[in-house]
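Below are structures written as structure tokens.
Presented sequentially are two complexes of subunit A, the first with subunit B as partner and the second with subunit C.
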Partner chain A sequence: MLNIDQLLQILSECSGDEQALAQGDDILDREFELLGYDSLVLLETSAQLKHRYNIDIPEDVIRDLKTPRAVLEYVNVPASRN
Partner chain B sequence: MSTDVVITGMGVTAPTGLSVKEYWNATLAGTQGIAPLQEFDPSPYTARLAGQITGFEAKEHLPGRLLPQTDRVTRLALVAADRALEDAQVDIAELGTYECGVVTSNATGGFEFSHREMQRLWTQGPDRVSVYQCFAWFYAVNTGQISIRHKMRGPGGVVVAEQAGGLDAIGHARRTITRGRSRLMVTGGVESSFDPWGWVSHLASGTVSTATDPATAYLPFDQQACGYVPGEGGALFVMEDAESARGRTDRRPYGKITGYAATFDPAPETQRPSGLRRALDLALADAGLQPDAIDLVVADAAGVADLDAQEADALRSVFGPYGVPVCAPKTMVGRLMAGGGPLDVVCALLALRDNVIPPAVNVTDVVDDYQIDLVRDNPRTCPLSRALVLARGAGGFNSAVIVEHTP
Partner chain C sequence: MDAPTPCPCPPRPRVVLTFPGQGAQHSRMAAGLYGVSKSFTSTMDHAFDAFGPAGRTLREGWLAATPPTAFDDISYAQPLLYAVNCAMGTMLIESGLRPDVLLGHSVGELAAATLAGVFSFDCGLRYLSEYIGVYQHAPRGGMLAVAASPREVEAHLVPGVVIGAVNAPRQVLLSAPKEALADVEAALRGAGITCSRARALQPFHHPVMRDVVTAHAGSLTRPPLHPPHTTLYSAYTGQELADELATDWQFWTGQPAEPVLFGPTLEHLLSSGPHLLIEAGPGQSLTALARRTPAVARGEATALALLPARAGEPDADIEAVRAALTQLALYGCDPLTPDF
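The block that comes next holds the complex of A and B.
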């Protein structure tokens, strides 16, 4: 299981944007692109998810996950992957 | 060239100052910016002195988002660019995002960042290497980050020519404007590579001074010349089409860039003379000037006897014995690779503005045969209208820029 706080912590470290942490639940459905997280931030995030939580999101998959909620669902609800 | 090109903004990051004013005051005062390396223990290395920037806290100057993806060199470059654009009081959006470009020089890239990621690669594995390594190491990254940060989408480029590259960037930016491809360019160069891996790369030149006393380590044109001290930092400029600049601001520019040339030395085994004299002649021709129009030369000041002799020869043959005042501000900060030439251009422009030549420090015993008028000990006050800045890079690069005061 991955929760939003854990995801935000990683996004914050990978992007250098500390404000991400302050946004809490409001952030769930906002698109990464609009939040200013580019493809490199997401690649770095997928690497960190692997190291810290042994969560594997392939590069070509994370590219298509547009919001924090989409990432959480991919990780926590295996059925959502199809 | 028919289009006048002017400098309307400057940003400095130097061992003796993190602003133009601080740098200039320190330079006129003959401040020593060379000291033992502080970031790591230099005792196992043959050379231990450097011109270091102290007290630079990137997070005080840049948004947090830029920090995970930048090496120290890029942070310094971004701050210098911010300051230069602020100084020029320019609104890029108003001028047009495609009318504004960036050409910088950098010779060593982001060493500290790369060092850390290489360590991760070999100790923790390839999947632990930061994705930002893909560009943070790269000598083109300063141009890219400045361009992204300020939305300058016009001509972009990077020039690499060791210590001469900074002047080449200025020359290329000027060409971009005179050919009508942009109205405004950010140009110059910044260098910083003083982590242990970067340091051994500097030492590979074989001409870094092994002296341990900052007062005797880097003595260009002196009988005791024993190599040079590497430095970090540099300068970035806002360069504009003069007419375009006049249209948007009443402020007087720092000066005009009226001449530029670059030459390459013949292969050493040919025994043919260095190309420095030719660079000097070509820059004068480009500016449409005779040698007697030049009031000041900011020398490359290699600090290596045979290179000093070559530079003195070139100056003597063009200007005559003791024919022009020679200035060596590098004696205070060391040789800044791509940052060196641009920092010397800052020095030249401010010398023209204030009619004063800063002194070379530490040099006490200039080789008589050189017959050069090296300004030492104290600043010299005299009327100055035009200056020639020289830079030479290991491998055979010679570059010359002529700057003129704008009345």
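The block that comes next holds the complex of A and C.
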């Protein structure tokens, strides 16, 4: 399981955007594109999820996950993967 | 007569046009505007004519569904980026937009300077033509985007590798000739640091370029330059460009050997009050960088891109531009009258 705080911690570290954490739950459905999280930030997020929590999100998959909620669902609800 | 009602709206943000550089090029970038916007089309056609016989090759390469293998080479990428950036900026200005500030990344700075009147478009096109002739002598190599701070990266640098660009607190671009680039990529990956090759085939913003330009500078013509009529920020100096430097050819010809400090420059610019950033070139790389700045997170600045993030359906360009123009009005821009 991955919770939103763990994910936001990683996202804010990877993007260098400390404000991301402060946005709390509001951030769940914000699109990565609108947060400025480009492909390099998402690749780094994928690497950190693997490193810290042994969670595997292949690079080509994380590029297609548009929001923090989509990442949480991918990790926590295996049935959501198709 | 009644006293004027105080305007409840916040101060109008300064409008900043941003122009991306090498790495932002992609197959058919902005081509959806070609033949649709009269202004965009005539700027592009003017560029292709000015490039002479090379112009035809550039046009074909730009419009091809599958780009030529050399598309990321300086000979294709840089003249096309320059032309597309200038054509997008000109289209906006002819629609009625009045930018307060112009800022480009790498070769994007030449487009910013052109729209600021430092170069005429013809002078810029001629410089690009000559510049390609000079830098075809550059060693093969490239650039590597790294998800780390400059300080973290420094510990892993190997001889021949330099920081070519600082894009954000945790995004730098390394530049190196071919072998050294492969070595540093292996070292970084070995240390668990995320990196990704940028679309470049030469080591831009690397001191090796100084030798190239010194050896071949004789082939560059240097017509007089003009002080900018619109505020021009330089990602090489990190601040507003003074007239003296803007009109000094050495400043421009030295740029391919100097690091691009886009991230710090953007933060410095945004610290001076509310801003509306509009990326007027292919992709959304600069918009992504801007959206991660504290100023945008605090709501003091807004960043939007005119074009889609990547190549898409034929109508995607025009739809993206229309949507962006609608948004601009919401952010306090005067209504624009595009020519399509």
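FYI, the second predicted complex is superposed on the first by the 82 of 82 C-alpha atoms of A that agree within 3 Å, B and C clash if a C-alpha of one lies under 4 Å from a C-alpha of the other, contacts with A are read in each partner's own complex, and residues count from 1 in each chain.
Here, contacts are C-beta pairs under 8 Å (C-beta built on N, C-alpha and C of every residue); 3 or more make two chains touch, one makes a residue touch a chain.
Remember, predicted model here, so these are calculated numbers, not experimental data.
K.L.:
Putting subunit B and subunit C onto subunit A via the overlay, clash or fit?
P.N.:
Aligned on subunit A, subunit B and subunit C clash with each other.
K.L.:
Scan A:58 for contacts with subunit B and subunit C and give back first, second, both or neither.
P.N.:
Neither partner.
K.L.:
With the two complexes superposed on chain A, say which partner A:78 touches: subunit B (first), subunit C (second), both, or neither.
P.N.:
Neither partner.
K.L.:
Considering only the touch criterion stated at the top, classify A:36 as touching first (subunit B), second (subunit C), both, or neither.
P.N.:
Both: A:36 reaches subunit B and subunit C.
K.L.:
Considering only touches as defined above, state whether A:47 meets subunit B (first), subunit C (second), both or neither.
P.N.:
In the superposed model, A:47 contacts both subunit B and subunit C.
K.L.:
Looking at subunit A, does subunit B or subunit C touch a larger number of its residues?
P.N.:
The partner with more contacted residues on subunit A is C.
K.L.:
Output check: A:16 vs subunit B and subunit C. Expected answer is one of first, second, both, neither. What do you get?
P.N.:
both
K.L.:
After superposing on chain A, which of these stretches of subunit B ends up overlapping subunit C: 27-35, 45-53 or 135-143?
P.N.:
The answer is stretch 135-143.
K.L.:
Pick out the shared contact residues on subunit A: the ones touching subunit B in one complex and subunit C in the other.
P.N.:
Looking at subunit A, the two contact sets intersect at 13-18, 36, 40, 43-44, 47, 51.
K.L.:
What residues of subunit A sit close enough to touch subunit B in their complex?
P.N.:
Per the stated touch rule, the residues are 13-18, 36, 40, 43-44, 47, 50-51.
K.L.:
Any idea which subunit B residues touch subunit A in the complex?
P.N.:
Going through subunit B, the ones touching subunit A are 63-69, 127-128, 130-132, 134.
K.L.:
Can you check the complex and tell me which residues of subunit C touch subunit A?
P.N.:
Answer in residue numbers: 145, 147, 149, 168-171, 192, 194, 196, 284-285, 287-292, 294, 296-298, 303, 309.
K.L.:
Quick one: which bits of subunit A touch subunit C in the complex? Just the residue numbers, please.
P.N.:
13-20, 33-41, 43-44, 47, 51
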